[in-house]
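Consider the two complexes below, in which chain A is the common component and chain B and chain C are the respective partners.
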Partner chain A sequence: MESSYETVVIGGGVVGNSIAYHLSERYQEGILVLDKKYPMTGTSGSTQAWVWVHNKTPSWYAEFSMYSAELYPYLSKKIGDVEYKRTGGLSPFFAEKDREKAKQLADSYRKIGIKIKVLSREEVLEKEPSINPNVAGATYSSIDGNVNPFRLIDMYMRAAKKNGVQYSTYNKVTSIEKQNGTFMVTSDKKTYVCKNLILAGGTWSRELGNLLGIDIPVNQLRGQIIVTEPLKPFLNYTISGLRQAINGEVLIGYSMEKAGFDRSTTLDVIQETANMAVHYVPSLRKAKIVRAFSGIRAMPEDGFPILGKVPGHENLYVAATHSGVTLSPLIGTLLTELILDGETSVPIDRYSLSRFA
Partner chain B sequence: MDKTTIICRCEEINCEEIEEAIGHDARTFDDIKRLTRCGMGPCQAKICISLVADVIHEQTGSHLHEIPLPRMRMPISPIKLETLATNSTTFSSVKSVMDEVELEEGKVR
Partner chain C sequence: MVMETDVLIIGAGPAGLAAAYETASRGLDVTIVDESISKGGQLCQQTQILRTLPSPFLAMRGYELANTLINQLDEFSVRYLLGHRMIGTYKDGSIGITDETNVFPVNPKKIIVATGAAEKAVPFPKWTLPGVITVGAAQTLVNRDFVTPGKNAVIIGSSDFAMDVAIQLSDVGVNIIGIVESLPKILARDAEKTEHIMQRSIPLYLRSSIKEARGNGEVEEIDIQFPDRIMTEKVDLVCVDGGRTPILDAFYQLGCSFGFQEELGGWLPQYNEFLQTDCKDVFLAGNAAGISSQGALLITGRIPGVRVCEELNIISKQEAEHERASHWKELENLEAKLFPEKWEARLNHIKNYANPLLKDQFIS
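Here is the complex of A and B:
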């Protein structure tokens, strides 16, 4: 393997892989992806993988997510079947007081082109007969869906490799230096020289920034998921809280805890998650849980993606975010435009690291 | 091992598929699991884990004790949701997406 590259991407999760793949559509030589372990060992391998838009707030962030969701059908045409399904997304509520909030959401998002319906109890049950009949209503949008995260990353990688991207895994970056306009990236295996450097280290972004003396304010937020045995298809929609995968398994969970980098599965959260499951879909009581997993979200300090150029460092870029599965097609597209054309088709100034300065 | 030998009975994954994953630089049981689903079946890898270790050893030459084992997690054997549930509907770590929608002066931010 050479040691000189045009562009090095640190981090082979869904974000780093999308950037590498989209770059490789424009130029085929000199792209290297480095990962301290293996793609999917990070957060991208322990995710719900909803492609979710409709109740993200504020509206500009929902709009950004919508652009990404809209790229999915085209992406799957290009890289192959990633089991993307635009099922539509359903967010049930059980208290009547939430209806007003739901209506506000639907009203203000109509203006930006995200169609949200506020469903009555009867309409929810008609759409999704398995939902708890005590439901008060739900918001619904056809833009939401889900994807198989493993297939997604595998396909990004295969397509990128086909376009000439090189990968070096089990190869941790330990120091980065800037010399005469190039970066010297030292890893466990070797030192690489490159012109462009992209930091896509997910929840480890703060550490990566430290190697360059840059503050990337990303914190850790744990999420735990439980998985049922394969059940016959019975859920029609991606419900905010659970979804049924193509093979029939139901992935359940929407928890958030500050636990640093600890990826344990804990009984208290698993029980709460089970409670949510039977509260939303009572027939799940009898379903068996075969598996549980836990992942650490990258949570930027203000909750929004950190994307784009690193101020004051020429040819240095960062992409660190939660909801990286939803956003990966757009992030890959826009970072490629930024690197090759110097500007992006959708503005990303709002997401600049400079906002924390 | 024959290429068509079934390694993971639950997910019907054969030796060739495991070898292909290793060809893509997968090195641990979990890497292979995420690429192929081998080990994600009802038995949760109890049957296939040692066979996969054999293939890794055959393909990469790494010794069996050097191949990291997957983390054991709850539940060790399948358990009904109703057994886990406590029927409470107050949540602390588990969130609701609707609760996250923030209104400012009655309007969505």
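Here is the complex of A and C:
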């Protein structure tokens, strides 16, 4: 493996892979992706993998998410079947007083062209008969869905490799220096020289930034997910908190905890999660839980993506975000435009790292 | 409501029961959890005679040993949670136990994990057809459930256990078409077993393996591959012996570190000479500490039992050291002579205590 590259992407998660793939699609040569472990061993491999737009606030962030969700069918055509299903998303509420809030959300979305319906109890039960009959209503958005994250990343990688992207895994970056307009990226295995450097370290973004003396304010949030035995297909929609995979397993998760990089599971949360699931879908009471896992999510300090050029550092880019699965097609596309064309088709100024300065 | 106990033992098999005796007989309050509704673990269906047991036990059949271990606990304070499982840990460190309906926390001073071993299967094309089972499963069906698992069987593997099961199947009228062994020699150490097999005119096929199974919805035929030919046999039962491997889920949940010892069954929790893991207050016993003979398993239950009593100030340091030395001596007698490679691996494993291969598995 040579040591000189046009572009090095640090981080082989869903975000880093999407950027590498989209760059290679535009015939950029000399791309290397570095991963401290292996793609899918971190956040991207421990997620329910919703492609989720609705309930994202404020509406400009929902709009951004919608553009990405819109790209999914096209992406599947390009890189192959990633088990993307636009099931539609249901966010049930159980108190009548929440209807007003739901209506306000729908109104604010309508202004930017996202259709959200506020459903009556009867409409919810007609769409999703398994929901708790005590439901008061739900917000519904037809653009929501889910994807198989393992297939997604695998397909990104296959397509990227076909286009000449190289990968070096189990290879942690230990220092980064800037010399004469190039970056020297030193890792466990080797030192690489590159013109463009993209920091896509997800939960480790803060640590990566520190190597360059840059503050990338991304924190860790733990989410615990429980998985049922495969059940016959009975959930039609992606419901906030749970979804049924193609193999019949139902993935359930509501929790968010601060636990640093500790991805163990605790019965406290597992039991809460199970109770929540039974509250939403009572028939799940009979389902057997076959495993539980935690994912450490990347959460920028203000909750919004950190995207684009790093101010004051030429040819240095950052892409760190929550909801990486939803946003990956768009982030890959826009970062590629930024690097190759110098501008983006959808404005990303709002997401600049400079907002924290 | 939290259940408090001095010692929580996961697993009511031979090692768990031996650990229970060490602790309960000295006055500790002991709680034993087992997913089965009966005590004794895998011993209950073992009708073969176990010859190398530690004192005071004389040679006896497996189920007799189970009864002996159970009965000697009768007079002590032991709480059995049968039909219960450990399914995880709470944030505060207490252990989550389920009766399959509810989950409740148990807060023990010490935990001894004696979860035993799981059989490994031997894969070949169509190995998932119904009728292909492990040798242990065949034994359970015959001896516990009184069900004959088939009429015409092939046994894959020639360990002592595979031979025992071949004999037991033959005893209940199953026609054993052959014993298939990939090595050029029989693995069983007990020559008497091989003799029994010979007397029954059961063919032993050395240097052979299963090429493929076939069947519509169940196994009907298998191809046995020899160096120079393939033999096809009509069967409705294939019993595979792929050896055993420690059951590690509980250790994983408790956050223990792991090492690897091929001779002891592969991955196993890292432990020291007290059979104590690197998690405070978590001990282990039996096959979970390395696959070994029944006799050795009992002693690996006694060693952590003694340490728990010492740490809970039930016995003095001197007494504990004395007990420990004698248990280790006996373990050496039982293991080093019969299974020198296991003994070697065990000593090696203990030596590696401070350098586990896998630790902090939950830190990403």
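Quick note on the criterion: the second predicted complex is superposed on the first by the 356 of 357 C-alpha atoms of A that agree within 3 Å, B and C clash if a C-alpha of one lies under 4 Å from a C-alpha of the other, contacts with A are read in each partner's own complex, and residues count from 1 in each chain.
We take it that a contact is a pair of C-beta atoms (placed from the backbone, for glycine too) under 8 Å apart; a residue touches a chain by one contact, two chains touch by 3 or more.
Bear in mind that the values here come from a model prediction, so they are computed numbers and not experimental data.
In the superposition on chain A, A:203 contacts chain C only, with no contact to chain B.
Once the two complexes are overlaid on the shared chain, A:58 sits against chain B while remaining clear of chain C.
With both structures placed on the common chain, the touch criterion links A:301 to neither chain B nor chain C. With both structures placed on the common chain, the touch criterion links A:262 to chain C but leaves chain B unconnected. Of the two partner chains, chain B is the only one touched by A:167; chain C is not. When the two complexes are superposed, the chain touching more residues of chain A, out of chain B and chain C, is B. By the touch criterion defined above, A:271 lies against chain B and chain C together after alignment on the C-alpha atoms of chain A. Once chain A of one complex is fitted onto chain A of the other, the partner contacts of A:292 extend to both chain B and chain C. In the superposed pair of complexes, A:45 makes contact with chain B only, with no contact to chain C.
In the superposition on chain A, chain A positions 41, 263, 265, 267-268, 270-271, 292, 294 are in contact with chain B in one complex as well as with chain C in the other.
Against chain A, in their complex, chain C makes its touches with residues 87-91, 96, 103, 105, 255, 362-364.
Residues 41-42, 203, 261-268, 270-271, 292, 294, 296 of chain A are the ones touching chain C in the complex.
Those residues of chain A that touch chain B in the shared complex are 38, 40-41, 45, 55, 57-59, 91, 93, 98, 101-102, 104-105, 108-109, 139, 150, 154, 157, 167, 169-170, 224, 226, 228-229, 240-241, 253-257, 263, 265, 267-279, 284-294. Of all the residues in chain B, the ones that touch chain A in their complex are 24-28, 30-31, 34-35, 37, 40, 42, 44, 71, 73-75, 78-82, 84-89, 91-98, 100-103, 106-109.
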